[in-house]
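As written, the chain order gives the labels A, B, C, D, E and F, with residue 1 at the start of each chain.
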Amino acid sequence: MPNLDPIELERIVDAALTEDLSGGDVTTDSLIPAHIEASASFIPRTHGVIAGLDVAKAVFARVDKSVRFTPRLIDGDVVEGGETVAMVTGSLASILRAERVALNFMQRMSGIASMTAEFVAEVEGTDTVIVDTRKTAPGMRALDKAAVVAGRGRNHRRNLSDGVLIKDNHIAALQAEGLGLQQIIRRARAQAPHTVKIEVEVESLDEIPAALDGGADIIMLDNMSIAEMRAGVEMCRDKCLTEASGNVSLESVREIAETGVDMISVGALTHSVIAMDIGLDFDELEQ
Amino acid sequence: MPNLDPIELERIVDAALTEDLSGGDVTTDSLIPAHIEASASFIPRTHGVIAGLDVAKAVFARVDKSVRFTPRLIDGDVVEGGETVAMVTGSLASILRAERVALNFMQRMSGIASMTAEFVAEVEGTDTVIVDTRKTAPGMRALDKAAVVAGRGRNHRRNLSDGVLIKDNHIAALQAEGLGLQQIIRRARAQAPHTVKIEVEVESLDEIPAALDGGADIIMLDNMSIAEMRAGVEMCRDKCLTEASGNVSLESVREIAETGVDMISVGALTHSVIAMDIGLDFDELEQ
Amino acid sequence: MPNLDPIELERIVDAALTEDLSGGDVTTDSLIPAHIEASASFIPRTHGVIAGLDVAKAVFARVDKSVRFTPRLIDGDVVEGGETVAMVTGSLASILRAERVALNFMQRMSGIASMTAEFVAEVEGTDTVIVDTRKTAPGMRALDKAAVVAGRGRNHRRNLSDGVLIKDNHIAALQAEGLGLQQIIRRARAQAPHTVKIEVEVESLDEIPAALDGGADIIMLDNMSIAEMRAGVEMCRDKCLTEASGNVSLESVREIAETGVDMISVGALTHSVIAMDIGLDFDELEQ
Amino acid sequence: MPNLDPIELERIVDAALTEDLSGGDVTTDSLIPAHIEASASFIPRTHGVIAGLDVAKAVFARVDKSVRFTPRLIDGDVVEGGETVAMVTGSLASILRAERVALNFMQRMSGIASMTAEFVAEVEGTDTVIVDTRKTAPGMRALDKAAVVAGRGRNHRRNLSDGVLIKDNHIAALQAEGLGLQQIIRRARAQAPHTVKIEVEVESLDEIPAALDGGADIIMLDNMSIAEMRAGVEMCRDKCLTEASGNVSLESVREIAETGVDMISVGALTHSVIAMDIGLDFDELEQ
Amino acid sequence: MPNLDPIELERIVDAALTEDLSGGDVTTDSLIPAHIEASASFIPRTHGVIAGLDVAKAVFARVDKSVRFTPRLIDGDVVEGGETVAMVTGSLASILRAERVALNFMQRMSGIASMTAEFVAEVEGTDTVIVDTRKTAPGMRALDKAAVVAGRGRNHRRNLSDGVLIKDNHIAALQAEGLGLQQIIRRARAQAPHTVKIEVEVESLDEIPAALDGGADIIMLDNMSIAEMRAGVEMCRDKCLTEASGNVSLESVREIAETGVDMISVGALTHSVIAMDIGLDFDELEQ
Amino acid sequence: MPNLDPIELERIVDAALTEDLSGGDVTTDSLIPAHIEASASFIPRTHGVIAGLDVAKAVFARVDKSVRFTPRLIDGDVVEGGETVAMVTGSLASILRAERVALNFMQRMSGIASMTAEFVAEVEGTDTVIVDTRKTAPGMRALDKAAVVAGRGRNHRRNLSDGVLIKDNHIAALQAEGLGLQQIIRRARAQAPHTVKIEVEVESLDEIPAALDGGADIIMLDNMSIAEMRAGVEMCRDKCLTEASGNVSLESVREIAETGVDMISVGALTHSVIAMDIGLDFDELEQ
């Protein structure tokens, strides 16, 4: 499980609180006396995988250090809906000020984890792993990627610095300069840090021999038919890793995995998130 | 159309670029010579409403001032899929460095605008407006709300400071202290700035007379049946605005609007966004 | 009492400490051994209303977590001069490093609270409230407005987003485009969020009927004579709130309030602050 | 004239714009079409010394680079009231969004400059200079001190790092440890950077011989009578600089200066600012 | 050549200018009239490799946009000492304010590039590359690593996220839990992103078979004798990359390279930098 | 000993952690279970002066509040190599994440302190003090200067605001305008704050009379021979302080000190740092 950088977590939490709370909470300020204490439970309304508990905890701590947030589960746990995933107790005014921001984090992250878990379940029994992409909500990448891991997906590149990925446009530009695919990969190998892997995107089987010859560590089979993908995986066997990309859905993912591809990347995990419905139910205030 | 605060826009763009680019782009740095110029077109693959053009422009400008980003449309324009919404020309290396971040903004914002437009279309001909909520992606509120406006939705409260919204938990806490709903609303009126409106959430019709008597400016009819909602709207007519909230879908929204309610708030507009599929096609590199 | 957003408070405190302390305190660093402990009392030299105690506490905590700042009063309490409003104990060096910044906050905020209290006292017995404006010290708005509340004034708009205020220049620009005042207000109603109120500035009684007809929630009577204001208030009775603005002084405010106006806004509360004279007297060091 | 550090200026301007504009300007966004151009004049309503023109220019540039702000005067120029000190032309919407923040800066800074100029005028013909203190509005020190210079005052220490100032509390603490004043000053000389001057606060004439013997560069005569001060100045002649401090008013400053003291520090210049009344009059919109 | 992230560059430049210039430049402010223009040349006093030209340019631009900084060379060019590497022309006051900070950047970066080039020259003719480490000046990593590239060294991991490096302490901790080296490497392969390489530090030849069996991509031969290293390289031939680390000096580096190792990492390149002596000679002011 | 501003310390620590850890630590995240506790010792491998202990402590606290960092020595203590200067105990994963950044700070600061101590030792028995310059690593000035003090050197100007230093280029520019050196110094005295000293750089003995006549507080003897310097010191005796600057080495510094100069400034202390070799040895993991 990735451990969140505390400075990045603070930046994200502060940005979220600032946009909601920087002018104060006129409702709570006007109505809720400081002496009222409360306790409340975070309760998902649906089945899924919970994520974001540490972030929610950080939100409450930032608003009021004396509020206690007590997780009952940890990120990655499966919930059925209706059970308490965390409790929060302390000043009612502080809880109300922080509630929406804490829920926004948990609902998005749990949505990502849950969708990831569905994809992972589909490929169960194969050796294929589900990986994310850089198609994350701007400013939220660290959390979006942590949520993928909570759903038992794996992270692809975090950013443009931790892996070479030679895409169609890189290739087209360099071919226009007279370079072949082998030469392109070798230039990358010669120029990029020795410590990063080199992945190459291919759109037809014809390109694979050159990619292998150039020494690609990973070949991305982009938008291929199942038959092509199976052939591509075969060509790469024992030579490099393979990644399937493009138009992956819950319906198609199993068939893709059965081609033997090593990784399937799914942009929708983070670019088209369905928030998990999670409520904050106040225990003490109900009569 | 809301005008984005340039400082907030810079903060959001910088956060997104930092998480993708702060270690450099090892692929482009290794492969693409500085002298290569290119031009490319942003082309949606589907029908929808475009949004985020100004943000994408700011992304390219931040990476390389000499890159020219030329919108062909403006935020809020309807696209059918296949047409060019913007062109970008300049250093190929700079375009490749900024591409993913620019697309992440446009795809999310266009997704929000498009879903909003679908809801707005459903209620066409009624006097009801579709409004957003505070259930936005953390750190992205200003852009999420701008995208709602691009889809011809309207913005509800931006944050906790620009309107009083008395919810069930506020009421429960104060009733436990012995206050009735009228007293609660009057306390809010006495304590909150004179310049903000007071909205009250009610869960049954029984609460409406007290809310009106207390002087609510807006009454939120929360999770009511269509019949209840119609009765609630009737009770509030000419006395205050009404807002429907809870479990609103494209299927149900028309029927809700036909109750005569003034606003329908839809959390899914921003918490469960389906990114619009937009591609960046390089014109010059294709052979 | 508004609850300060902890992130905004931290930003303001850090800015103030940075400009005073970022290069170190060469006097204290050179002279004061780390082992010396001290305790000192914050003592106003004059009558007034104290404010800024929480901010001063945050200043000391930021410089040295082990320093204890103990308020004896709370913001909004009246002081006569000579009594202790707070104690600070701990490392003498830390107290000396933080002293000036803590005093700068308390003196300005107590000055605002005291002047506000004077205006509030003048209108006692009427239903009129004293409100502030956006004429605050740049970067200090949250604290300036908290200090007004400490003096029992009320806050007007915090910023440009939490209320519509249509001023003379908006009106002139749109009249040049052929719009009348009713149309202008209706455009604002149609375009601005449903959750904010609409206030209109009028400079003569002639404009009031159109403003009422357009549906203004608040009418600002700008720079009117007492007689005009009384007539304006009468025209608006039971139709909308009224606000008096312009050239309000301690001498004139009672007469203005007696016109029955709902609010009187006083820019001087925050733009022309007379700092309260507050000293920090070291108890332990005196011989 | 001090040259503002561009990074500090940007921080201050951004803080001021963020607190006013971060949620957008709902009035202008709702009403003012983007195509309307306008020009307006900054016109002081009273006599005084103008300051803050560069800051106002930076405010408009930050909101909209295409707005042109053209100063007619420079900081430090005397105005009578009624003349144009600067023009601003461009998008009406942008001008309205930036107006209040720009005015808040100019009004505070011109207020400081004007009060400083009054003190300077009082001591004209003497060799005494008027200096400021560290009693500035938190976060605004760079601008507060620039405004003092605009009024022909001089800056005292900017912060705790650019000069040693041994005050009563430092002395009391070290005397409790058994050190005499000479020893204290010598310790400071030995410990502090060689490049900074050492100033010592004395409260009676008795302390001056020891301060001189210790090698003080400047002696602050704190809260002394005119007679004492004259004697103190005499004791220090040709040995060190002298500074008068405490309860300086426009009424008393001349008499103090005539004691021959080198500097008179006036906290009120920055802690109790009376904002200059400056208006922004739109030329084009008036009919 | 790595392309500096503009946001990271701005952060570093702003930090450096803030610590030098935030209180103003009292010398230049006091003495240099705004109208004086000057031009000056950056001239190294010694042989070496120049680096930091873009950073120096950014420094001047941040202080005064109207100053023109014109490089005559580019980063990575060899200089003999005495030639002009860049010219700066514009306001003398602005040049003086920015001079020290610009030189601090260029002198450190050129020192790094020059030392790197010396190491690279020593291994010329072998296939071994010289790489840097994470032992950089805190906050300066992006620039320190860019300077290594200017000297024709190569970058190792930028940070803890872009490569797995299993060190002695990781191994010891897991061996204490009962895991062997193969198992440790396989766990890393299973848990870490597929896109990163796995490097393992070994301290004796005995560990190499297990490291190879576990599937290490790179084996770091730590503090080995030349003979051991030669044997280690032989064991790894065609199986994985090898890196020599520990006590590398200009005297020993050639012998190490001749073992056939793929990379030699040199911490001193960035942790013990000898600044290049570069002067800024004013052309116009000399008489 | 200078006391580090906590806000500046936080900025520097955060910048260093962000560049190393913002994407997570893929090695530790993949391998090290959260339950493993460890303790480790910071042990210098060589003789020198230790510095940076408080900074290292702040690094661990920022990564994980539960990690305990216990210094055994304080900054400025002499170490022989092999002894423990500090212990760290707690989560192994957290210690591994923070280790490199903590060491980078300690190694640089201890390197500065050690080199400073060597210079100070060379001049022992004279009255000359060793001072630093503004030639610090960009962004690290506060720590570089604290390390000089740990080595018993003294700080020269922290930045451009806390002392006037009139250099050759200032003089040349103003002489071109017709001013003599006396006039230049007097202009500085008249314009700069009274609280700062004025230092003048002279390159030949001829300039000293004018500098003294102008009233310089300090005269910098730049790049002079020992004989010239001795004569210069003589000319300045009892009139002003003197500073030697330029080409100072461990070999030459004693001879320079024996001229009687008050200060010798050494740029190499901070611009050409040799990092102290310090290791972090894990006690618990060794078997």
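Throughout what follows, contacts are C-beta pairs under 8 Å (C-beta built on N, C-alpha and C of every residue); 3 or more make two chains touch, one makes a residue touch a chain.
Nothing here was measured: the structure is a model prediction, and the numbers come from that model.
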Where the centre means the average of the CA atoms, what chain is farthest from chain F? B
Farthest CA centroid from chain D: chain A
So, in whole Å, the Cα centroid of chain A is separated from that of chain F by 44
Suppose each chain is reduced to the average of its Cα coordinates; what separation in Å results between chain C and chain E? 51
Could you state the distance in Å from the CA-based centre of chain A to that of chain E? 32
Please list all residues of chain C that touch 2 or more other chains. 19, 21-25, 28-29, 97, 142, 158-159, 161-163, 193, 196
Chain C-touching residues of chain A, taken from the complex the two chains share: 14, 17-18, 21-25, 28-29, 62-64, 93, 97
In the complex formed with chain B, which residues of chain C make contact? 129, 131, 154-158, 161-163, 193-197, 199, 218, 241, 243, 262-263
Chain F to chain E touching residues, read off their complex: 11-13, 15-16, 19-33, 36, 38, 92, 96-97, 100-101, 103-105, 107-108, 111, 134-142, 159-167, 169-170, 172-177, 184, 187-188, 190-193, 196, 267-268, 271-275, 282, 285-287
Can you list the residues on chain C that touch chain A in the complex? 1-8, 142, 158-159, 162
